[in-house]
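Every chain is named by a letter (A, B, C and D) in the order it is written, and numbering of its residues begins at 1.
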Amino acid sequence: MIRVLVWNEFKHELTSETVKAVYPDGIHEAIAEFLGKEDDIEVKTAYLDQENCGITKEILDETDVLIWWGHMAHHLVPDAVATLVRDAVHEGMGAIFLHSAHHSKPFKALMGTSCNLTWRETGDSEIVWVIDPAHPITRGIDRCFKLEHEETYGEPFTIPNPDKVLLIGNYSGGEVFRSGVLYERVNGKIFYFQPGHETFPTFKVPEVQTIIKNAVRFVAPTYRTKIDCPHVRNIDDSEGYVIVKK
Amino acid sequence: MIRVLVWNEFKHELTSETVKAVYPDGIHEAIAEFLGKEDDIEVKTAYLDQENCGITKEILDETDVLIWWGHMAHHLVPDAVATLVRDAVHEGMGAIFLHSAHHSKPFKALMGTSCNLTWRETGDSEIVWVIDPAHPITRGIDRCFKLEHEETYGEPFTIPNPDKVLLIGNYSGGEVFRSGVLYERVNGKIFYFQPGHETFPTFKVPEVQTIIKNAVRFVAPTYRTKIDCPHVRNIDDSEGYVIVKK
Amino acid sequence: MIRVLVWNEFKHELTSETVKAVYPDGIHEAIAEFLGKEDDIEVKTAYLDQENCGITKEILDETDVLIWWGHMAHHLVPDAVATLVRDAVHEGMGAIFLHSAHHSKPFKALMGTSCNLTWRETGDSEIVWVIDPAHPITRGIDRCFKLEHEETYGEPFTIPNPDKVLLIGNYSGGEVFRSGVLYERVNGKIFYFQPGHETFPTFKVPEVQTIIKNAVRFVAPTYRTKIDCPHVRNIDDSEGYVIVKK
Amino acid sequence: MIRVLVWNEFKHELTSETVKAVYPDGIHEAIAEFLGKEDDIEVKTAYLDQENCGITKEILDETDVLIWWGHMAHHLVPDAVATLVRDAVHEGMGAIFLHSAHHSKPFKALMGTSCNLTWRETGDSEIVWVIDPAHPITRGIDRCFKLEHEETYGEPFTIPNPDKVLLIGNYSGGEVFRSGVLYERVNGKIFYFQPGHETFPTFKVPEVQTIIKNAVRFVAPTYRTKIDCPHVRNIDDSEGYVIVKK
């Protein structure tokens, strides 16, 4: 079983009637619902207003994949929580950052860059293209799929050069965006996926659900350990360094 | 001085009235013309119907940057000529492949892949976006520029994962394409640039000319030598391996 | 079941008493033997002196992973056979190139570079270090392992910048070498692994066997299809492009 | 002129007689001395015990390349100073991190990883090998060079997969280490270079000086600007995004 924790800021859904209409129980519950139907996935949720944002070292130790959605309240996530997430990824926990989570503290801490982009809310449609059809994350997706409305994100997107660009979006207003990118940082895999604006029912689109399910399986760790900075006496000295394969 | 050789298939211009109207002296002469105005660039041209395609080892030895345009007659370029080009790039010669040269023999030999793509000729406009504004090749280009008409190229483009994606195109018909990508192969730099269909005056567009001029300067070698496969007796043995820096 | 084809040049074993003593039935049989003990792997072998080198399109169509060892007779492999292998990798077949196969025709065709290196046969020992302990190919390997004797391979190794460097070797004579590197080319995964000189019993070393077994599982395709270069009429036109997921 | 700021922790030199004997004026002055002899380089220095560590936004705005050495007092560098450095690199400032600066706050902030490694102080010699002889940073360096004594650094080094590995070290004790690695983060270039332990006269070795001089020229920016996260109304709207090329 892959143990997934879906974290949501859960603010827009409480304050905006538009958002509430789309995601009455919150984006986290919408994602948890379709993931929970999978036989090999076990889902929990957490959100900002819970104690410590619903995140502790113990919780992350029992999480294989963390999914993160945030937007208007990135600054309310304590630095210590972002650090916990970053360190868990280094140990091997998988992480999926959705849409406006490009500016979340843990994503920026993992990237080491500003993660800026250009944006516009004018109801553009988006065609998302598969760049790498052989990748497990794009399995079951045709050459492209269309989202009737998405917030427009534009380049330059100030991320490190991705290990892989899996998806690129074409917006009807003229922009392009690297909509699905993949990284490895120490032992952990990270997937950033652009679709998912709060005012559109993007997380109900079958292709979006397929990609998130595929991504959960792809970034789930097969190995998890802390790699420390040991002082060794010679090359046969393994003190302080233990290979623990899951 | 950067010594540039512009190679063109030069077939469409002789057989199609449409193409002849756009490039009466051939695509190679159109490119040579704007490059020749630069103080630091010295241009020659060559084309398919010349003896040995106008390419010998001696000519490539005196070429810093080779620019290649081909389309309908890739198969008429002898394998030996493609091998000469590939080997010169390995030694350090820069190479710029334009538009339909994605399927040319030297480009495919350097990539090691099929370099396929999806295509369509329906008069789409294309907006070319700058992904990396700090790169020397995009210097002087704004966030994006528009081509009124270009042949539509679509993903997946079966190239190796580029060292860098500098440009991505958005077509009015809905496609996206990695329009400017960069590679290094042994000592040589390679730039593939998608715009340049023979029936449109793309090579007269200022931004296209700027990018090609920037690319010439970027891929021009500062080092050129053959790296062999020497048998050495010990680590101080430099027989068969000489560092020649230009 | 993962269907593996182990291809060997099988020349040294017939002409050198030293090599025959180490691998009496050939390197291919030594590799096939330890792979054949795995429940999820099914092994066949082929060698140079068989008709068409024991390789046809039909055979490759039924091969998930091709393992290749060659050295003194690279030039006797017909270009057409190298092309078959290259194209099968593009479709998704996994490939593992061992030791002196760095200069084999199919490896060079896939890399697009000269694949040169520096070499020395003076009985150096080699310590092979794990650079990426979280990667499936290094599973079960400690921080490093030692080979009592290996042919010394030295940098520069004129390959494209690898997608990943998994292993680096330290030779007692002073050299270093990127001993395990990983590539993707179109749909196929490629692993190059440096240990395996014909005069040493390297393929009997447990860690070497573990890495080859891990690599077989890692490069085995989950997707296999030819990605063509279709002319499409519009973005909904899928003629000539079929997603076939295995 | 390339304006270089050499930053040093400057603690070991004041507290250890061994270190004082090697670098009586501090590592920063030793580096400034050989850089200052270059016609195209202008050097200043700064160190931990100065006000605000000798680093302000104004100072970084007038710095093209920052060189950083630190070890025992990483934790005494305020987070705000590390943030200033990180942000200046994002804008285009070049950065060179030397030896134990792998654990400095600005390097870790830029990498997004723990930057751990294995280490040993047993007086190993190190042979540093050139992996990419065509790169400007290795210009003037032969196939390899030898350091009589260096602190041993071992893999795994938990950095992101480098854009390029330029140098790999072979230690007499058996380790290997990626001794020279290159990154780009937003507009800035970053070079990490492993040699430079405080108890050895490493910064007096000609090849080490050559590499640092080459690196200064390579990471110096030709473009510097802040890339923000602007809200645009349409693709022609450049409000909040200005291309400023230096």
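Side notes on the structure shown:
Keep this in mind: a contact is a pair of C-beta atoms (placed from the backbone, for glycine too) under 8 Å apart; a residue touches a chain by one contact, two chains touch by 3 or more.
Treat the numbers as computed from the prediction; the structure is a model and nothing was measured.
A comparison of the B-C and A-B interfaces places the larger number of contacting C-beta pairs at B-C. In terms of residue-numbered contacts, A-C and B-D present the same interface, as over half of their contact pairs agree; the other options in C-D, B-D or A-D do not. The centroid of the Cα atoms in subunit B and the matching centroid in subunit C are 31 Å apart. Taking each chain's centre as the average of its CA atoms, subunit A and subunit B sit 37 Å apart.
Residue positions of subunit B touching 2 or more other chains, listed in rising order: 118, 127, 133, 143-144, 154, 156, 161, 163, 174-175, 184, 186, 227, 235, 241. By the touch criterion given at the top, residues 118, 127, 129-133, 143-144, 154-157, 161, 164-165, 168-171, 174-176, 178 of subunit A touch subunit B in their complex.
Across the complex, subunit A is touched by residues 92, 127, 133-134, 136, 139-144, 163, 184, 186-187, 221-223, 225, 227, 235, 238, 241, 243, 245 of subunit C. Put simply, subunit C touches subunit B in their complex at residues 86-87, 90, 103, 109-114, 116-120, 122, 154, 156, 158, 160-161, 163, 173-175, 183-186, 227-235, 241.
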